[in-house]
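The following pair of complexes shares a single chain, chain A, combined with chain B in the former and chain C in the latter.
What follows is the complex of A and B.
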């Protein structure tokens, strides 16, 4: 039942949803609406699963006094402290919003912004004209990098135009192929999951 | 080891140090490179500018704080433009932090427009779970899909901005500020394409290539890309912000990366030539 139950649930809900879309009958609308609501509830619980997982992993580290357990403890204090702060007064809570706007947001913005240094280092190491393909990639990358900033037009009006051409034609052609392939792959995967052929996502072979 | 040999394998700390140095110099001494408004931003501006006063613009703030530095300048300039044109703005998000992001935008813009009133001229519906499924529900019954409450949990039925707004297709324009999934493709699949609602999307630079096919196919009105797009929108709208001041630093940071890429290739080819000349059979490339 541990195996068959989830597969049966998936098959029934999957086929019901497909039928509700294909038939588009008023009689099927409540079915689709109910499944939509179920989906939203399940998605809502993902956050709870995250909190439980964080508590288990970090709580274990604190209890065992693992290396750096102090940081695990800080994480748990902040996690539950902020949850409690949010529950008291909701989104009208001034302290909750102050912490988010003045601590969390600047930290996240700073961390993300420092990625530019890693991108610079990665580009320096990766972009080597080892063969013709790599050379084309390198030239295209350099043209787009310079053409998409103000420096490009200051050097030559042709550089932004070349960057636009790369984005509008080769990139669009390549991305269309990738996205269509991914979409077809997604349909096939969904059908395999609904028909019970694909079970690896549930931890089964 | 000669300097040419070293160029092939510089310690990454040199790259970091030069980038930091260039960044500091350009921030302290801006060059003032000329900025021109591109077709995409001009189209976005003209689309918003042509909307009749009172029209509702839907802000899909589907991003998180980490992306704010790159996307907020464009979002702020667009929001200011909407208020200037007396358009009404409703924000909502499929991302957990999206409600807070919309609140951040409004908190920065509303002091410049003291006559604008919450619930009358703008509204923040906040985050709702469900991603694409929730977007689909917005096309059937918007008040029900949001649970009848706004970002703060207050009932929306009392707000005049909700009068006559029963479905998302009742809005005049969608401005999607997107960084991932759910994002622009999900909006196109369930709202803009089936119900013919125009959409402008504000994207980080890394998402532009993935989204270009939707623009080429006419499924998007325009893409306002990254900090550059924000700077262009600030320029065309006259609402100066942080994007324009960041243009020089972005230019020279990119130039620094390009210079390091060139230096790395000089070192690579020098070493390859040297190995070949010394009878090593050439580099295995």
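What follows is the complex of A and C.
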């Protein structure tokens, strides 16, 4: 029950889904739709796992008075306060939406924008043209960066055209091959999982 | 300067979040805690109203779709992961999700992610009267083939295969450089919006 049961469930649900999609029969159509629906129900009802984990990790830090426990306590108070506010007041509650729009959104956007500065330091490391590969990466990045802003066309009309060409041809070729390779990898992994060969995601060796 | 209290709060939150660029500090850590808490709380509330409540009260309660008890039972098993003795029960919902996920990949992903991409690469290698299109088509076809060769690990790459795979590496460097540049530009746009908020909406400069 502990090992074979989950693997059997995986194989049965997987093969049933495949058969119901491949076999073009009106009798099999509802099977795929039902499994799709069940999948959404399971996913929809396990989102509290994240909240429980947050509570465990932060609650433990507060109880043990670990370093910075005060921040963990703030997190827990705000988390449960906000959940209660939303569940009691409903989705159209003014305070619930004000907090989202005026507190979460500015922090979210600023965190997103701080990545500009981290990317800047990453670029410094990546773009030091130590070898031919790094030099190619540097040239492509600089051309695309300058070509996509007004500075590029101010320097030369050829720069935006070069940027477009890099994005439309060599980049498309590279990304297309990456996507095809990822597709093959995904299919192989899915086959291994559905045949019970790949079990590591369930904690098995 | 703005008279709106929410603009002042937004400015404080923006500057407080930017303070991490200098060094870790208590203001940033409080904002970090707020961010995680509100984001997680919001997802719980949205999920309850948009999904869990309609499923429990509508479909199961009024619609009497009794078969929903099966996925609900599976979802409930996930919470056994917090029990040392019965943590293995949480493998069942995970196995179900992985089974359907793997089957979905096998039945639905092959066409758009592999066949459609392969078909799009089948370009004419001679376009009459258009040398530019001919060269570009060659560049795409050689690029896809060489990058695929680069990712081919079944045999040891030697001689011409190795040389062709080196061409693929050059394509990858160009693609990564271009994508990196695109990402940088996207982030810079967001940064400009934040600075615009601080300078115009908050301080009232350049109005």
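Basically, the second predicted complex is superposed on the first by the 204 of 205 C-alpha atoms of A that agree within 3 Å, B and C clash if a C-alpha of one lies under 4 Å from a C-alpha of the other, contacts with A are read in each partner's own complex, and residues count from 1 in each chain.
In this text, a contact is a pair of C-beta atoms (placed from the backbone, for glycine too) under 8 Å apart; a residue touches a chain by one contact, two chains touch by 3 or more.
Just so it is clear, the structure is predicted and the values come from calculations on it, not from any experiment.
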item: First (chain B), second (chain C), both or neither touched by A:54; value: second
item: Partner chain(s) touched by A:44 [first = chain B, second = chain C, both, neither]; value: both
item: Greater chain A contact set [chain C / chain B]; value: C
item: Which of chain B and chain C A:117 touches, first, second, both or neither; value: both
item: Which of chain B and chain C A:125 touches, first, second, both or neither; value: first
item: Contacts of A:87 with chain B and chain C, given as first, second, both or neither; value: second
item: Partner chain(s) touched by A:104 [first = chain B, second = chain C, both, neither]; value: both
item: Which of chain B and chain C A:162 touches, first, second, both or neither; value: neither
item: Partner chain in contact with A:153 - chain B first, chain C second, else both or neither; value: first
item: Touching both chain C and chain B, counted on chain A across the two superposed complexes; value: 36, 39-40, 43-44, 47, 90-91, 100, 104, 108-109, 111-113, 116-117, 119, 123, 138, 141-142, 145, 148-149, 167-168, 171-172, 175-176, 179
item: Chain A partner contacts - residues on chain B that touch it in the complex; value: 10, 12, 15-16, 19-20, 33-36, 64-70, 96, 99-100, 103-104, 107, 126, 128-131, 133-134, 136-137, 140, 151-153, 205, 208-210, 212-213, 216, 225-226, 228, 247-248, 250-258, 260-261, 263-265, 268-269, 285
item: Chain A-facing residues of chain C, complex; value: 6, 9-10, 13-14, 17-18, 20-21, 29-49, 51-52, 55, 67-68, 70-72, 74-76, 78-79, 81-82, 88, 91-110, 113-114, 117-118, 120-121, 136, 139-148, 150-151, 168-185, 187-188, 190-191, 193-194, 197
item: Complex contact set, residues of chain A against chain C; value: 1-2, 5-7, 9-18, 21-22, 34-52, 54, 56, 68, 71-72, 74-83, 86-87, 90-91, 96, 98-100, 102-104, 106-117, 119, 123, 126, 133-134, 136-145, 148-149, 166-184, 186-187, 189-191, 193-194, 201-203
item: Sites on chain A touched by chain B in the complex; value: 33, 36, 39-40, 43-44, 47, 90-92, 97, 100-101, 104-105, 108-109, 111-113, 116-117, 119-121, 123-125, 127-131, 138, 141-142, 145-146, 148-154, 167-168, 171-172, 175-176, 179
